[in-house]
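Here come two complexes built around chain A, the first alongside chain B, the second alongside chain C.
So, the complex of A and B:
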């Protein structure tokens, strides 16, 4: 089958690239092994959170000081503000309404109660612009009885350390109690599916209104399926309501993934979920086609290809006992040859492997055995030179490299 | 170092690959509508560790699994979650007899043979209120369901009478695994395939011996019978592929998935030597068009708005793009691709009284999408999705092959492909 562009990987970067290309009339197919790590996203995007262990105030200003191998430097520091704006409006077009700006980070709150710098956060979620000037004082933290996905004690302690007064209120409703029949599924995603009807939401609202007496803001774990459910519940509650991220898989991330996928398909894109790219055919410096597990002897041909397969967790990169490699085309990777250098003791310490990824040239084009493949670009977490965990740049790299690669492809 | 360590997973079901990310539970259509089902992660990889220790850990609620495979499609780690669940059910059901109701629902071909003989009577009787109430109370087949109508003439009979003799004259040849639905309920789909293939110069042949693929037998726990029939089919297919050099075409996504993937995974029938030669007609046709081997010419005045629904097993096979791209070749066809959602019927599952409400709840998102799409027809490659969607939305459902045959300008296509009358 022939496409204009074939994208390997259907997570945040692959979908955004696919959408941007399909919007310009391209025929695009995305091949993706399964659901992506976007489902672990609690409702915020980060552009650049930390440099040398210090929180970044303005991502746009901090980019220039990044090392040259960082993907943002390859795109060009001067383009970051523009691409960030494009990303925000593309998300909005897909139905994902987020607030924030690339020139001033705000703070998101993790389920463990830690404040982390963020660029964009969903409108319905807790967002703190300035930790020295909290937006409110008294929080009512609604704790769902029997819920697996929120370590409430840690969350409350973290919020108290930030300076909030937190009252923890345990509650349940008939719908939620019924869910506990399946003890292994008392998860955020299950709750979201069972708290859809107005009557279910009214019962939650009744509990909130009964207990959240003197709070300024009511916090609820992110168990509301979508914007409609949030608006409905907010209209039933007599105080401002905000959601906080839960442990993954997150309802917010799941919702973002399905909105992006829906938008891509609406634009005519072909989304092949549950299939895996397993190899490709090169003709000199060009990739001609890729083969997939399911399409078998009918490869996907295209003029341009994009590698958006993610990092180790998504198997975009694989480490065995001897080496780190890219499994589809065995592209050149930036990784230490000596296995001893991959990791260091202490899981929370900076880890070398989290910066590993495929090697690219200045235009994000991939390299195999030292030679550039002219029509294959890498985007997102499969790229080397950034560190989603320690630098808080994962989602930003996914979004911005996707849009930068799109521009290169369209300019050809 | 590597040669001293275990590099390969040694478990039969690869459940060690599960990273406990729980993504499968977010896509399970059953867990979304009932708390009785523990969800794919618990029912599959997690539960399997316990069951290996002691079979008494088997949870009878595993019967609620639709085997829709959406968990496998969503799994980022390639765990065969639904296969683990099917095999656990199979093991737990060994030595037990299936109920009369389940046996009847599962034996689509036996039921079909009897019903064909008395089709007018059977159709009338199955549609009557008293019959439905008896089936509901005695057999536990839900009264809301209408049995698909039985045809008076089997497809095989029609084929022998009206088509078989003319097939040898064509320059190219394929075999056709028609399945029970085409044979007993809806011969027109088989006739449409013959019309389409003939128009592009391909003669169609039946297999030496075709039996029900067994997808319903597996779902209802009749594994021995499924295996027996599977072996008959495997032999016939092997003969067609190896001796006749035919590709074996299909028009049902679930039959295709069963023949290609469930035979080895669940029944232990090795079809690896012929697997690549069993394919949906839309995939076969797409390749011929793409390679420039055939030309399809469609009627000028064909104009319809159609929605495509990806059946669960179709998505598991990853072949929906062929049916979608074939439909897109029809100039007058305005296509809406629906978001992939389970319709809830899952073969015989939704026919059972105890599953009816769950089945409709699962499908509700899809039904809403179809209503909003404002289309004349829904296209899908699965016959049981067809029954469910027609019953639940009132919108007629057609197989893409029938839509292609309907839109085709047969005379012009025959001429363009040099096919003589």
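So, the complex of A and C:
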């Protein structure tokens, strides 16, 4: 099988890269286990949330002050605004309607009631532009009876500290009550599956309309499967309705993953799901082909390759007893040699490992034993030099490096 | 249909937590809420004494909660310490009866590897027989059938009656029974000083760590059952005990590799016991003398991890590829013999000191040395000493009277599967017949909070209302929430949220959650590579990335919760 580009990894960055290339007529294959960290995404994208522990107001302005090894600096600070715009419209093309701008962060509200800076947030989700000028005052927080993956008390408390009046309303419907009989079924994803039909949604709407009379805005945990369900329920409810992220599995993140995948496939992309790249053949400074676990002795050949395998969570990086390494090609990584340095004592402190990743040159090209591989680029969380947790730049790096790599590939 | 033993009315009266109402005078005040203190409190209460037990942290935070969870047959000590071996086998047989719900009867193997001297096996078996421990030499091939995880290169095997025991559950059962018989027990109460009057200890000065209050309570006898921290307590009374802290580190693996306890058949050395505990298994221990000043620093070092892994893989090769979920360490309270001030002659056996005879100080008894395994016997010995002082002649019944939770025969496995949900079965496993008290009448109470360990909403309510649970760390010790393979990834948030509701303190619940994650991390960090590092990153993605917990709380300069 010969492709123009083969992408290793089918999460956010791999899919966006694949979509952008396929749109320009490339033959693209994505090799993926099928798992994605979008499963932990509560419905927002972050470009740059925090620098030196302080919330960033304008990501575009703050990029210039980042250290040189940060992926945004490699892409070029001046390109960030443009790439961010492209990313937003690509997401929209895929059916993911988000609001926000790269020049001014807004606030998303987390399941624990914390306001975190965000760049884009789904239209169906709660979003606050300015904490000093709240868009409304009275919130009705609809709490699904027996659903413990939304810490409602913490959420309500956080919203009250922001200045909202919050009324917590516990409710259930026949569908939810039936689901609750199985003790392990009360997860957001199962609820979403059982709240699809108009009649199920109508029963939820009835509860909302019965109890949320005083509210300006009604909040519901993110248990609605997709935009259609949301629109349907919104049409049945006489107040503005917004969802709030839950603990994983996150319905919104899951939905984004499947929309991107469908879009990629619709554009003619090949999505090799349930497979994983295990090695590759180099010819001097070029990668000729990669081998996968399932295709065995039938290597995947391409002109260009993209590594989008993610960080430790996704096994794009592996740490063993002795070292941190990149498991497919043993590419050079930026990581401390001494195991003691990988982590710190407090779990909420910044951890060194979260900045680890593969080394790249200015064009995001990977390096092995000091030598650049000219047709292999790394994108997303497998890159070193950024910190998704403490800097709030994970999804932004995934999206923007994917588009930057796409441009490099197409310009060749 | 549940094994009902005591009526709910009685229970509610007994377990309504009526803390912090201190009586003015007790027959006996026991310091230390580990297995030994709890066992002593139970024994004293059963003999009719008015008992107060105080613990500075949570129950079983010291050596009790920091060992293998091995119910020794005594075989390990047979060659080197016949007296300890005899004590172990005798207590082993007693605990199988009185603490059935804390024990899993796994049996054990002592294996000889090619690098070991097979000749030692004979010495070992003879010593076991002398101590009264059943020891059957079996063919290595049979050992491999019995325990497929064992190193296939073994050259010899002996089967002995080791078992696995849950020390947390055991301690709680003792405390519950002590309370059922009138004892008062207070956790988070630290002894700040002794009340001494003319060569007689008359009570203790306490700090209530939850509200900062200082209290004085009086007792005719004070029992120092603080393990390694007993030296400090003795100093407060102006007497000297020379303790020799021996630190042992252990590793917990992510699933249960072995079904039998596996020991090395050689002189006791580092990392030579692998114990199956519930859903996981534990290798240990190292053994290092440490300065007494460092006994509160329980962080496991890189060197300890290296030794444990190197040796553990020899016992069960599959450990090399099994995820390690935690490293932890405990300190054995070894005591220097009184007739040897140099400290060279150290006893591993039980040491009971009557400070009246030893130091001319009335009213103080120290019970130390020993092992978790012999906690009951230590309690009996200490209680005998207390009773002798008080002129109480009631006999000890702890060797025959079952602990709460072990009174009746448990339903058979097939019965259990038919009658109870996963969560209910797990709860019966943890709480024995006390599981009857867990609310289970509606689908909310049956909802699972912790999928790995099968902890339900009802069980958490039960623990909060009746088992002295104030935070997530307490809850983990009582129910195992967050102790399974996921190490509290989602269940800790669900549980924190529930605790916040039950205690009406949401902000506190967030602080508590952060402290709990930190405490879990303390055990993960020494082994943070492979899947453990992945789990750490996943936890960060959920709690920091998705939830922003790090922005909701400030952990700088916070003390560890225990």
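What we mean here is this: the second predicted complex is superposed on the first by the 412 of 412 C-alpha atoms of A that agree within 3 Å, B and C clash if a C-alpha of one lies under 4 Å from a C-alpha of the other, contacts with A are read in each partner's own complex, and residues count from 1 in each chain.
Convention: contacts are C-beta pairs under 8 Å (C-beta built on N, C-alpha and C of every residue); 3 or more make two chains touch, one makes a residue touch a chain.
The shown structure was predicted, so the numbers you read here are calculated from the model rather than taken from an experiment.
In the superposition on chain A, contact of A:65 is made with neither chain B nor chain C.
When both complexes are overlaid on chain A, the residue A:248 reaches chain B and chain C alike.
After overlaying the two complexes on the shared chain, residue contacts for A:285 are found with neither chain B nor chain C. Of the two partner chains, chain B and chain C are each touched by A:181. Touch criterion met: A:275 reaches chain B, while chain C stays clear of it. Contacts of A:294 after superposition on the shared chain: chain B is touched, whereas chain C is not. In the overlay built on the shared chain, the residue A:35 is in contact with chain B alone; chain C does not reach it.
By the touch criterion defined above, A:319 reaches chain C but does not reach chain B. With the contact threshold set out at the top, residues 37, 40, 180-181, 184, 248, 313, 315, 320-321 of chain A are in contact with chain B in one structure and with chain C in the other. Chain C makes touch with chain A in their complex at residues 299, 302, 309, 421-423, 443-444, 446-449, 451, 456-457, 490, 493-494, 496-498, 500-501, 506-507, 509-510, 514, 517-518, 520-522, 525, 528-530, 533-534, 536-542, 544-553, 555.
Interface of chain A with chain B (complex): residues 1-2, 29, 33-37, 39-40, 178-182, 184-185, 187, 189-190, 193, 248-249, 254, 258, 261-262, 265, 270, 272-276, 292-298, 313-315, 320-322.
Chain contact summary for the complex, chain B toward chain A: residues 1-2, 5, 7, 19, 21-23, 25-27, 31-33, 35-39, 41-42, 46, 72-78, 276, 283, 286-287, 290, 315-319, 321, 324-325, 337, 339-340.
Every residue of chain A that touches chain C in the complex is listed here, in rising order: 37, 40-42, 110-116, 145-146, 148-149, 151-154, 156-158, 177, 180-181, 183-184, 186, 245, 247-248, 250, 311-313, 315, 318-321, 339-340, 342-343, 345-348, 351, 353-354, 388-390, 392, 394.
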